[in-house]
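In what follows, chain A forms one complex with chain B and a second complex with chain C.
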Partner chain A sequence: MNASTTNFFEAIGAPVVDIARAWGSMFGCGLRTLRAIAMARIAWREVIHQSYLIGNRSVPFITVTLGFLGMISVYQVAMQIKQIIPDFTMLGPAFIQIMIREFAPTITGLMIATRVGSGIAAEIGSMTVTEQVDALRMCNADPIVYLIVPRAIACMVMVLMLSIYAVLVSTISGMLMANGAFDINMRTFLSLQLTNGDDIVIGAVKALAYGFSIPIIAGNAGLTTSGGSEGVGWATTRAVVSTSFAVVVLDFLISAAGYIFT
Partner chain B sequence: MSGDAVIVCKGVGKRYGRKWIVRDIDLEVRAGELLGLIGPGGHGKSVLLRLLAGLATPDEGEVRVRGKNLADIDPFELAELRREYGYLFQNYALFDFMSVADNVAFPLRQAGGVEEPEIARRVKERLEQLGLGEALDRFPSELSGGMKKRVGMARATIGEPAIVLYDDPSAGLDPVTSSKIFRLVRTMHHSQDDVASVVVSHDIDRMKVICDRYVMIFEGKVLFDGPEEAIEGADPMVGKFFFGSLGQSSGAS
Partner chain C sequence: MIEFIDIHKRFGSNVVLDGVSITVDTGQVLYIIGASGAGKSVLVKHLIGLLRPDSGRIILDGEDITWLDEEGFYPIRRKCAMVFQNSTLFDSMTLLENVMLPLRKHHKMGRKEAAKAARAKLELVNMDRDADQYPAAIGDGLRKRVAIARALTLDPQFVIFDEPTTGLDPMAAATVDDLIRSLRSDAGVTCVVVSHDLRSIFTVADRIAMIYKGKIRLDGTPEQFRNSDDGVIHQFVNGLPEGPMSV
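For the complex of A and B:
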């Protein structure tokens, strides 16, 4: 085989090998995290600390974002309804159902992916390039157990809690918009007649799936960082893009499974 | 006095991409000796040290620690072997979210089997020995470079490891602090029997004071392996590197 043929195959093969390695590394990280959780190798103090960082500090962020989303959604849908049949009876029940099943966990997941995912990748990436991760290894501390597992548990619990909070915030803001702009009775709006157990289960499964995947993807980006501060920057960017993408793909898969199996 | 070989490298090579950083490395580290890994910067000393610690896997050859090939053993065996190691990182690698005391206590807590009061006593004693008795509750960001090195040294040696690896202990330090750090390396090495210590540095003047044997790495290969007395008969490059530096030092002093 001559040099140009070798270069051609290398040019095609190298990106494929890189992608396969990246996926393998990420899934490996996820499996090792699950194994550590199953074996109860959990630093609970760190879980509580991470829960505070991920959860409490995201509350203002979620309040503003979901508050506005609730108002915008109700306003836009109400304007559409007004043009067709000006009957707003089912606006509130449909809004609450779609918030529980879809928007509250997914928008919360996307918000956490950007805020928390970038933070996790930057923190662990900095630890990697300053050899702190190697120091953990030399002290017999598994970086997955020590860095990823507490964040995965904290993030799962907190995305679920924040999703519930997001439903409340968006419902209240949507209700105020409906009442103020379209004179819809608050009791009429606050009806759960279209919401059933399946919607709640699907919303909760989404929140837990996003909560697990965000620290795994971001943490893996941090652990595979190389090349100093520039590498940390790239790891952070990669983490935000990959976690956001993962939230959208998981949303599609869980929604599809939800419609098929319920 | 040097004893049995604790670490044995046979034909070890490591590459990043297509470039071989080190290749065909044959090396023994013996119990009780203080081995100096010398050579110009960027010629593979630190990579070789990472291979000795099992932090990097060789692309060819093998690194055996107490007869076990690091690339073949399972994570539990590796964890068992790592209990025997202490490692001082070039850039300190202190955990910035922990106090000095917690940093130093970390290896003992990870190893388990030692009660907290005993850990606290040993940490205080080791930090006092290194002149850091007042820094227990401070954080790494509040320390100078020399103090961070000493904390790193305390963390590397608190578990009384049988193998201690020092990656450029004088990097970024002023000459006075560097001399102090090298003296501490010697003190730590002699503080217990049969410790195998490996020091990576290009600071020949200070290495000469503490090392029993030298291995010079040049362009990723072993150019010299022996005591100072054997340098005369070695490749001229070794003498140029070793005595050239000494000559400069003599001229300066």
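For the complex of A and C:
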């Protein structure tokens, strides 16, 4: 093989190897987290502290976003319906179903991915470059158990709770818009006739899947940081991009599984 | 005895160690020198399993520790302590609690007992008066001293110091030098010291090894370093701005 073909294979191969390695370290991190949880190696005080931080950081954010989302989508859809058949009875039930099944968990997941994912990557990344993670390991403290597990549990619980909250906020704001702008009866709007158990299960599975993958991906980005404070910046950016991407991919996969199996 | 045998380590395309072999005899103080980014910290972290080599072997007291798993390194980290370059303390704990941590984690010691032992170590570095302060409240130099105290809490047989005198004033630096000397002479501790501090290097070292471009450039006594006619070594030990190492 001459030099230029070697270069060619190197140019193709190096990014592939890098990507494979990044996926490997991410899945390794996820597996070690699951194992630590299974072995009940959980620092509950830290879980509560992290839950508080995640919730506290996100409630105002989600109230505003989901509130507007509820109003805007109801307005848009109602305008369309009005032009065809002015019958609004199914608007509320369909709105509530799609919120539970799709929008509340996924928008919440995306918000947590950016807001909390970046925070986790920056915090753990700066612990890594200042050798605090090494110092933990010197004290026999597994960084997965001390840093990742509490965040994973807290984030799963909080994304689920925030998704429920997001359904409530968007439904109320949607209902007020329906009532105010289109004179739709609140009782008619607030109906679960299209929502069944499957929708709730799918929504909950999505919330839990996002809640688990965000801290794993962001935490792993933090733990593999190198190169000083510049490295922390890179890790944070990488974490936001990959966690948001993961939310979208998981949304697709779980929705597809939902349609196939129900 | 510590043996590094033909250690290779790269990060992506950045080859940091390209076949490094060093032996440190028991009770010896070895200084590792080299320019910034030469791979000094990377090398010493291999000894306690914080980094794994791509190839090569690491032998500690006759035991091959190269491929131990994370839990296999727990006992190694008990007898081989490290003072990190960033004088890493945990911000959420007081200085005393920081020094107590290894006792509580490795020896599962009770709170009272650990506090007593930790206070004694803080006295060793003249930091006992500030025991209840938080790391954020004290300066960099003082943090470094507490980090040293924490490394010594388990009475290790081996201590790695990563730039222990950088950022200290000359008196504090001399205190650290004395501490290293007395560790060797009183407790027979084997020390590996990463340093740029020429004065400490030539007053404390039994042996010096210089890393340059991923390899050991020279491994010898302070005398050999002073008298070397190798341009790279001459430039480093005399702190000259011009020479083969200049970029």
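Some points to look at:
By our rule, the second predicted complex is superposed on the first by the 260 of 262 C-alpha atoms of A that agree within 3 Å, B and C clash if a C-alpha of one lies under 4 Å from a C-alpha of the other, contacts with A are read in each partner's own complex, and residues count from 1 in each chain.
The rule is short, and it goes like this: a residue touches a chain if its C-beta (ideal position, glycine included) is under 8 Å from a C-beta of that chain, and two chains touch if they have at least 3 such contacts.
Worth saying up front: this structure is predicted, and the values here are computed from it rather than measured.
Superposition model on chain A: chain B and chain C are shown in a clashing arrangement.
With both structures placed on the common chain, the touch criterion links A:D18 to chain C but leaves chain B unconnected. Using the contact criterion defined above for the overlaid structures, shared-chain residue A:A135 touches chain B and also reaches chain C. Legend: residue contacts after superposition of the two complexes on their common chain; A:E230 is shown touching neither chain B nor chain C. Overlap of the chain B and chain C interfaces on chain A: residues 130-132, 134-135, 137-141. Every residue of chain B that touches chain A in the complex is listed here, in rising order: 50, 53, 55, 79, 82-83, 85-87, 89-91, 93-96, 106-107, 110-111, 155.
In the complex of the two chains, the chain C residues touching chain A come out as 11-13, 45, 48-50, 70, 74, 77, 81-82, 84-86, 88-90, 101-102, 105-106.
Of all the residues in chain A, the ones that touch chain C in their complex are 14, 18, 130-132, 134-135, 137-142, 226.
Residues of chain A that touch chain B in their complex: 130-132, 134-141.
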